[in-house]
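In structure tokens below, several structures.
In what comes next, chain A is part of two complexes: it sits with chain B in the first one and with chain C in the second one.
Moving on to the complex of A and B:
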């Protein structure tokens, strides 16, 4: 067991390193980034300004150097051993790349960057007085945001968004478990009954209905139509209102109060819960049907146990083993947020933060969120495997 | 006398007792027809496909023609020329909604079907090679595939498409492909680049599941006695793959493909809805829904019109896929 855990932790580290490197390269190799935005807003940017902005965002460093600085905070300058500095002239980047215009025979022209301009190399010695370097992801410093909260630490943005996402996801997770498991059990026990057919149709509905359309439909019905009719309506977006409002039958609602927050939660939670329940109840049903056919269930019945005990104690416990995977893997999803649902309901959580970060080329934020999701996913995989051995002694880790 | 009639009587009895000879296809068809919802869905899909094919004929306007000042016309209002009718009204900048919906059907269906076909082909290739070769190749490929399947797909899909859409000029797309898409979808070659890129993005994730499925089939067929017999008779690897692996894989692949189509419809719509897919002048149900979202407080019927086809299409594909699974492989039933 101990050896197994050590080996798994080692594998996890490698997987995490490779996946972070891949996504970092993906985001940083693509042209664009904050410079495109700046040059489109500020027309009068000259080469000097561009070089300064590039240095500010560390875009002038070579990709491996940048990645290493982002991950570990190293290199921070020349290596000093006993008062003696080494590698001070080592080139780690380029302030102004040399651009060459290529003219093709068919009249096309293309700007290509070839090498570096004379004397514009960035050396290790130049890194010493760079103020913005993060202390490195592995030391818990996620760096600074580029656009969303300019120059403020990414961790501050993430921490400010996390409670909202956890609130949304945890409520819907608990509701989905409370609703989904009984539905799945009942439809397995009463297979081919009217209830079972209803649940099956609901599962089809859930897997065919796009989340964004369903969310829009809910806003359309419960916010727009109900408000026009003068009925109890729900606020369409955000987590809290800016000013106080009055809802028929409920009365005055203070902005920022618990009541306000709950009213805002109802629709996004319902959307997430419905889709979870549709999928999970089907999952529980399948695995319950399988377990009900097993010999030990027949033995339990033959012993004369009442049906309720057979179902709850003998069948359900075993049927829920594969369900562990679903629940454990919904934890990384809970931290990552529901991107589409949060975007449609304008919910200020991690999912929308990620979407905004991509749209506004705030790559440190996007990278941080990806990293959090990746770490949690990898941990969830391990937790899942270990939990299996706990609940099912037949499974051995090796 | 009796001796001459007796054999005849036996013949008749035998003929009645013998089941009528039916082809494999008939059996499958009969099983499919028993699934009423699947048959109904097939009709719905046929209607949508017909609308998509006949888009230029049945839509009175060009989907990108703007009638300045005629924004948000009500359904059934008469157009600027006093002759043609906007059956479903006009959108935010005065383009005919019905025409856009029909052309969008053409685009969304083409994207989903092409992405699915390409995924299945890549999945079959990778799965059969990795399953048949086994060993290190298999281990490396399948670890990679499993890892890709573990990570949440939507965040990565969003990154890739946002990068691709931002830099679409820089990505070399074979002109043959864009020209073909432009011809098929009746759009400008410039806009067709996006369509090709979105298909590529969807395929980059779509083939994973298919390759695992194919590998599973190959591994199980490899152990069967008929494969062993065939090898004992001196059949080559290629022959075994072609005459045993592929035929055995067809049923599960068709089932997975028909169920996967609904996922591709939804993913494409989601990307376009979030603004990271096919962009505005080219109509798709997703980007029409996203445009409708901004004006839903004033014009609540707009999201209904562009969202319903996405739901209908994906529901119909799901039911047809379920029917196909019942018909082709009853053991697979959940």
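Moving on to the complex of A and C:
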């Protein structure tokens, strides 16, 4: 087991490295970036201005160098040993790239960067006074935000969003398990009954309904229409209100109170729960149906065990083994948030933050969120494998 | 240079020879093409081709086969039914409103600089006229054909590039049909905004034929960076400049430069008139329409006065709640990145900034009014003086176009060959001796009762700190051209300073104070005084970015990231006590959600940056009609859509 864990940890590190490298490259090579705003207003810019802004965001460094500085915080300058400086002139970037146009005989034209303008190389010595360098994410420094909280730590903004996301996702996760598993079990045990047909129909409805549409529909009905009609209504969005308010039959609600928070949670939690329950109940149903046909279930019944024990102790326990995978992998998702639901309901969580970070090309924030999801996913994979050994004695890790 | 050319020709022959030899030995039609720029071999690359290409010596010098012809450009303008385009995206705007949104030149009709005389060539929808121009240009429509062709049989088509925004997809589809009706095939390319506005792609590299996007009109029309000949972005200047059409009309260029180099409004109007006549005549950029914008607020809010040219919070000190309430809730679609105005220029930052910092002046309804300044500096009131000075070689100057640096960013001094503007207004190339130039000296006087929100009066050291910090190249600002144009500053009192600009500097906006204020007395949480903190650290300081001191009507007391900003009335506000004591700004990214919150009463104000002009405007109009207690204000915005025509190809 120990050797297995060591091996897995080593593999995890490699997977993480490769995934972060791929994410970093994709984000940084995509068109756009923090300089996009330069063209949005009338502005007199010269090459020096452009070079200065590029340097501010470290876009003048070669991609592998930028990645290395983001990951490890190095290189931060020339290597100094015993007062002697080495590699000070080593080129790590270019302030003003040299571009040429290539024209093909079929009329195509292509613009290519072919090196650097003369005297515009960035060397290791130039990195010494750079104010924006971080200590590297492997040392826990996620760097500074480019746009969302400009020049301030990414970790602060991530930490500020985490509690709300966990609140929303965990409640939804627990409710989905509490509702989804029994529905799946009953559907399987009473296959082709009216209940089974009803639940199956609802599951298909829940799975096929886009969450944003369902969310907007709920806002229209339960917030706007109900309020206009003078009925009990729900707040359309946010995690809590700014002003105190009164809801018919419920009475006065203080802004920021527990009651206020619960009222704000109802709709987003319902949307997420409905979506999860729809899928998970079908999953449990299928798994249960397969287990119920197994010989050991028949044996249990033949031994005279009451049906409830057969279902709960012999069938369900085995049917839930593959379900572990689903639940464990929901944990990284819980930290990552639900992008669409959080955006539509204006829930201040990680999903909305990720959406915002991509929209505003705040790559340090987007990378931090991708990294967190990647870490949690590889950890979840390990946890999942270990859990299998706990719930299924037939599985051995070696 | 000649040797290089010979070498290039020799290489080309060698290349052909190698291709022929290769072709004898194998069936693969592959050759080596020397790819050149100017006269220098820069890259060798294998290309599937049959002939060697002779590459033009310079970039973007060959006129576009269609758009290089003014008749084609004017034909496109006549074939464009702009009211129909407006109706396609703003179904809630009536015919009268549509007329308000139309533009004939680059300056919106409501602007003080707009000219509407008979010399302006207008392009009302007239497909017959447009088609006649196409015919005249040699693009004729064969019987039964849908699209025109020229004598060589080439089809008349143009690539039309714009963003993927649904709004643009809608009007672009209508535009495509309008052009097809005139026999011009439009090939629509909807690129991601990140590509279209990217720093190394799309517009920046003039990678388009027809290109649609928007400019934000301003109270001062400016326009130098968009239309002057020296602002054409080409590879040679590192793609600097925003004249994406590559348009160089010397009369227009001189006029736009001159309009931005005088302080007398009548003169400016005259220069803008000249410019607009040329702009409309040449038809290099078709102004399509001013966008519509909607603002909505609770009926409970009194004195809500949004304006196309000013942030709607400009008069928050006047706001009042009819029911006597003391808390107002605003929804903003985007969160400011920072309250440090030097590095964050987003509209949402300015919207919040007005309430915290106030502003030296407001720009309500397309004109300037004093706010934190006691009065607008002008030649007439003696606060701006234009002195004639004699300048000799080596003295700091700005060039004839008002630029303080060369293309490499080096500060200009008077040297041989530099083109400067003399005191008589003539552009001359300096060749030695001395030259007489104008030097601008402007005094800026602020309200004497300006007081920081912690109770400390604004003083001389605060202006000095701002000058020191904001003009430091390490501060993180994007544009230092104003700083680079200043020769010296004399801080004369706690509410007044005088700036002496470099000879030749004649910015029409010189009445705007170029130097801000920072609370030099402020002590940071780590015990340091703000004045002692290096500029590179400022953007990361909580006291600057999140809880700044200001002398505006409100104090930012709490900022919950991604959720809300809480402001309370500033007890030391120089205009007196505010009626609304608390303002909370909620960050609501989704417009539909913001509207839902307005209708449910959770939010009191949705500004144009959040409400926009999409389907949600119709929702609030319908809600108002249904009796919901809201006010809806729809007007032409300062932002205008246009179609740029790239006059040259590489």
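The rule we apply is simple: the second predicted complex is superposed on the first by the 378 of 398 C-alpha atoms of A that agree within 3 Å, B and C clash if a C-alpha of one lies under 4 Å from a C-alpha of the other, contacts with A are read in each partner's own complex, and residues count from 1 in each chain.
Throughout what follows, a residue touches a chain if its C-beta (ideal position, glycine included) is under 8 Å from a C-beta of that chain, and two chains touch if they have at least 3 such contacts.
Quantities reported herein were computed from a predicted structural model and do not represent experimental measurements.
On the shared subunit chain A, the superposed partners chain B and chain C overlap sterically.
Shared-chain residue A:154: touches no atom of chain B or chain C.
With both structures placed on the common chain, the touch criterion links A:343 to chain B and to chain C. Looking at the shared chain after the overlay, A:15 reaches chain B, while chain C stays out of its contact range. Of the two partner chains placed around the shared chain by superposition, chain B is the only one that A:286 touches, whereas chain C remains out of contact. By the touch criterion defined above, A:320 lies against neither chain B nor chain C after alignment on the C-alpha atoms of chain A. Which of chain B and chain C touches more residues of chain A is settled by the count: it is C.
Of the two partner chains placed by superposition, only chain B is touched by A:366; chain C is not. Looking at the shared chain after the overlay, A:217 reaches chain B, while chain C stays out of its contact range. Contact with chain B, but none with chain C, is seen for A:209 once the two complexes are overlaid on the shared chain. By the touch criterion defined above, A:99 reaches chain C but does not reach chain B. After superposition on chain A, the stretch of chain B whose C-alpha atoms clash with chain C is 91-99, while the remaining options among 37-45, 73-81, 91-99 or 235-243 stay clear. In the superposition on chain A, the residues of chain A touched by chain B in one structure and by chain C in the other are 30-32, 216, 219-220, 224, 343-344, 355. By the touch criterion stated above, chain A contacts chain B in their complex at residues 15, 19, 23, 26-27, 30-32, 204-205, 207-213, 216-217, 219-220, 224-225, 282, 286, 332-333, 336, 339-340, 343-344, 354-355, 358-359, 366, 369-370, 373-374, 377, 381.
Listed in rising order, the residues of chain B touching chain A in the complex are 147, 150-152, 154-156, 158-160, 162-163, 166-167, 170, 262, 266, 269-270, 273-276, 289, 293, 296-297, 300, 303-304, 307, 310-311, 314-315, 317-319, 322, 334. Chain C meets chain A in the complex at residues 33, 35, 37, 42-43, 45, 47, 49-53, 55, 59, 192-195, 197-205, 215-216, 218, 222-226, 231, 235, 237-238, 240-242, 327, 329, 334-335, 337-338, 340, 343-345, 403, 405-410, 473-474, 476, 478-481, 536-537, 539-540, 542, 545-546, 560-564, 584, 586-590, 592-593, 596-597, 599-602, 650.
Within the complex, the chain A residues that touch chain C are 30-33, 35-54, 56, 96, 99-106, 109, 111-112, 114, 131, 144-145, 147-152, 156-157, 160-161, 216, 219-220, 223-224, 227, 233, 235-239, 241-243, 245, 343-346, 348, 352-353, 355-356, 360-361.
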